[in-house]
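Order as written gives the chain letters A, B, C and D; numbering starts at 1 within each chain.
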Amino acid sequence: MADVVNVGVNLEAFSHAISGIQALRSSVSRVFEFLKDGMKNRETLEGREKQFIAEFQDNLQAVNRDLNELERLSGLVGRPSESHPLHNSGLLSLDPVQDKTPLYSQLLQAYKWSNKLQYHAGLASSLLNQQSLKRSANQMGASAKRRPKVQPSTLVLPPQYVDDVISRIGRMFPDMTIELFRPNGTSAVLLVTLGKVFKALLVMRSLFIDRTLVRGYNENNYNEDGKLDIWTKSKYQVFQKVTDHASTALLHYQLPQMPDVVVRSFMTWLRSYIKLFQSPCQRCGRFLQDGLPPTWRDFRTLEAFHDTCRM
Amino acid sequence: MEAPPVAVMPVTGGTINMMEYLLQGSVLDQALESLLHRLRGLCDNMEPETFTDHELVYLLKGQQGNPFILRARRSLSHPTSPWHLRYLGQPEVGDKSRHALVRNCVDVAASHSLPEFLNEMGFRMDHEFVANGHIFRKGAMKVVVSKLSRILVPGNTENTERLSLSCLVELSLLAPAGQDTASEEMRSFAEQLKPLVHLEKIDPSKQRH
Amino acid sequence: MLKEKQLEASVESLTSRVSHVKSALHSFIYKLENEYERLTWPSVLDNFALLSGQLNTINKLLKNEKMPSFRNQVIIPLLLSPDRDDELAKLTEQRVSVFSHEIVPDYLRTKPDPEVEEQEKQLSTEAARIGPELAQKQIQALNKLCSNLLEKLNNPRDDRDTESAALRQNKQSFNPADTNALVSAVAFGKGLSKCRPPGPVAPGHPGQVTMNTGTTAQAAMGGGVVPQQQGQPGKIPSTIKTNIKSASASMHPYNR
Amino acid sequence: MSLMRSELHFSNVSFCSVCQVPVAEGKSVQHTVDVLHKKLEQMGSVKQGSFCVDCETYHATNVSGQPSKLLYVMHNSETPRSCMALYEGGPCIVADANFDVLMVKLKSHFQNAKGHKVECRGSRYRYCDFLIKVGTVTMSSSARGISVEVEYCPCVVPGDCWNLMKEFMQSFLGPSVPELPSVFATKPEGLFAQAEIVDTMTQYLELFNKLRKSQIPGSNVR
């Protein structure tokens, strides 16, 4: 709003400039008026022409003069809008009918939000860069130029390769059966049946596991229309808990350059649930705590703990 | 399991006194295609269903001398489907004006242990056969066109032999007792299948001589 | 009589409406010509609204059920004369002063519309252009086409008729003997091998013999004929069973 | 007929253990049941409706002389449209409710022993993934004993969760926890076969037969 004062200072220059414009306009219209009227009746044709040209030149010179004057004045007026933080849009604040079109206040609001967003994004990016050893962040830690190269190579793997990796992993664990589906395009969905304990759905993106959902062995994994149901969570609390832990494990096991190792480590970890109902908690020695068996498996030792008994 | 908390259910269930209305006939193999074609046009617009079933007929000898007959059927094309146990009563005599054979009927779906269980109850298998063919439906009515085959080696449903060069055609309807409008409906439907097939009210007891 | 009266009345009401329109137009035109300096736009609109309302009323009147169909009325000019008719001129406000041959076809529509006239003219010139021989030829060609088409439509029906007739006469689509055989096979296993799975049947089990069968055809195997004759038929069902109830898997008991 | 397209779901039953709870000395059946209810509620279980298991006994009429094996037809409100028929130690089937109608048709061959009808009614409780059913067993309108059924819904294999189940039962039944039901021990596949609805019914049947044989314990039961 300091701008208003600024404008006030130059007010005189403004009024001069406006009258300069008016003068210019009148002189220009005089030129055309004169041209429209044509030559006046004079005694001789020659005199007639001479008179006409002289008057035309006078008129043009007047236009020229007025133009110069205006240019000079415009230099005096300067560009007050430049000093405004929102540049020309700041002029919107001068709109006297603010109630009708609250453009300016909305604009300010949007500006504030976008500033905030930029600020938070910056913070998040710096935080993520610090965790460069975990998850995909180490791609970001690498130079920005390399990043787009790394991503396609691991995200766009031929389905054949994915099939191979999965079937190799499937052979590694005899008590686990892995069924592979591709319900939509090339992304695979794995249905892992672990003994008679549970069935886990793994939604893959290339060889990255995007999402996991664990359901009971006797629960239905298909919709009414026969498609894989990847959304409905298990009705049993124990498997809801295991789903949570499996999602945690997905975040833990990350090695973007070697996605197959990640899948294998995750599967090894998942396999430790084969004794979900059989092994007591390694800390308290009991089977049940709040009605739930030890649902947590240590990422390294694969030992069983109750959710609240782990460190 | 997660059955909803129910108010305690009545102890016995089931639908008492269901009647089967039945008309029978046969069609020669040569005319089978025309019959199927006509049925596709006449019946409800659905995908024609085919089936292959194995039927075992069990008898239980009572003290009075009249064996009690139960028919156990299983689908060979859907081995995981439940078995189907059926009791069929004596055809109702009396009303000659009725157009269809009417008899009591109890249908039970049962688990796969049915044969052993029937044996334990004292039932003995009398005969068995394989039926395969097509099912059509029109409203509550059902048309079954089936080829019958006898089983050459007991229990081996792979090794069979056609019983005749005709297919059995049956038009049946299940309704609670006393719904005689059903037979009227069946008669008019049977009328539309003439002259390809003559569906009639055949009392099997008259066939025995 | 009644009809005539009705017609008269409706014509009368129609003329009165039309005269209303006319007077409204009159005054409007007068205003436009003489008072155009004082005339305001809203009042012009008012005039238009009045006119449109009146025209609407006329339309409604014409669409009314009770209104006799004017289309079916014929006007015949009874007397034409080249002389000036003052009465007519007065009636038509000096628009038509002579009821002559020149104007009657236009006013009373005794002549077709110009477009229709044009079409008719074209057709007659076309007809004149084609000679009678050519015309004859074209007629023949058309007749031939039509008869061909008729034949084509009729023939397949003949084919079909003969086909089904042949089927009816020559080939039976079913065989009553087979029907009986099949029905008794499903009813009591006639013609089916009477084998039992090895094992549970105790030899000499009471009633075993009679249980076997009651058919004379099977007498060699079982022999017990008499007991069944009365009792068995009742218990003996026939037919393949298909079960509507179990078909509706949705309410199947095992779907927990 | 081939129209029976539904898959059987008998096998999708989780592991159940049924046991008898002795009536406390000098207390009525109802009192003992109330004590159990209170214990369950203290643990944080939620009552979820009621349940009923019944058992009809039939004996064959045609075999004269030697005593025939008894045929039991049972219902469970958990599977309201099914009907379980079993011979003690012998084969069993799961059928739909029309089986009862069939038994009516068979009445000339199988007679219903009216006085032998056993019923077990009570309340269902849910605690986490456990389902607990405390029932009173009645025979000819006299209460004979108390049954407790514990089901661990997520687990289908008895051998997997028996220890876990035992720990749970100890938490409200005290140290007098029963052994693993014999029905599982006698299976050819052993403890790791999948549990079936029939296993549950067999346990109830064993319990009923045990109670039937035992004398009414005098003043303990009213």
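One rule holds for everything that comes next: a residue touches a chain if its C-beta (ideal position, glycine included) is under 8 Å from a C-beta of that chain, and two chains touch if they have at least 3 such contacts.
To keep track of the chains, here are their UniProt names: A = Mediator complex subunit 27; B = Mediator of RNA polymerase II transcription subunit 18; C = Mediator of RNA polymerase II transcription subunit 8; D = Mediator of RNA polymerase II transcription subunit 20.
Note that the structure is predicted; figures quoted are calculated from it, not measured.
J.: Taking mean CA positions as centres, which chain lies farthest from subunit B?
T.: Most remote chain from subunit B, centroid-wise, comes out as A.
J.: Give the identifier of the chain nearest to the protein's overall CA centre, each chain being represented by its own CA mean.
T.: So the chain nearest the centre of the shown protein is B.
J.: Quick check: more C-beta contact pairs in B-C or B-D?
T.: When B-D is set beside B-C, the one with more contacts is B-C.
J.: Report the inter-chain centroid distance for subunit B and subunit C in whole angstrom, where each centroid is the mean of the CA atoms.
T.: Their C-alpha centroids are separated by 44 Å.
J.: Could you state the distance in Å from the CA-based centre of subunit B to that of subunit D?
T.: 35
J.: Where the centres are mean C-alpha positions, what is the separation of subunit A from subunit D, in Å?
T.: The computed centroid separation for subunit A versus subunit D comes out at 59 Å.
J.: Please report how many Å separate the Cα centroid of subunit A from that of subunit B, as a whole number.
T.: Each chain reduced to its C-alpha mean, subunit A and subunit B end up 65 Å apart.
J.: Pull out every residue in subunit D that's touching 2 or more other chains.
T.: 1-8, 10, 12-14, 78-79, 81, 83, 94-98, 153
J.: Counting only residues that touch at least 2 other chains, which ones in subunit B make the list?
T.: 1-3, 15, 53, 61, 64, 68, 73, 82, 84, 89, 107, 109, 119, 135
J.: Give me the residue numbers in subunit A that touch at least two other chains, ranges are fine.
T.: none
J.: What residues on subunit C touch subunit B, complex-wise?
T.: Contacts found on subunit C: 168, 171-176, 178-198, 200-201, 205-208, 210-212, 214-216, 227-229, 231-246, 252-254, 256.
J.: Quick one: in the complex, what on subunit D touches subunit A?
T.: 12-14, 44, 127-130, 152-157, 160-161, 163-164, 167-168, 171, 192, 194
J.: Once bound in the complex, which stretches of subunit B touch subunit C?
T.: 1, 3, 15, 20, 22, 24-28, 30-31, 34-35, 53, 55, 57, 59, 61, 64-69, 71, 73, 82, 84, 86, 88-91, 103, 105, 107, 109, 119, 124-129, 131, 135, 140, 142, 144, 146, 148, 150-152, 154-155, 163-168, 170, 172, 174, 195-198, 200, 202-205, 207-209
J.: Within the complex, which stretch of subunit D touches subunit B?
T.: It is residues 1-8, 10, 12-14, 48-52, 54, 56, 60-64, 69, 71, 75, 77-81, 83, 85, 87, 90-102, 104-106, 108-110, 119, 121, 124, 151, 153 of subunit D that touch subunit B.
J.: What residues of subunit A sit close enough to touch subunit D in their complex?
T.: 196-198, 216-218, 236-239, 276-278, 280, 286-288, 290-293
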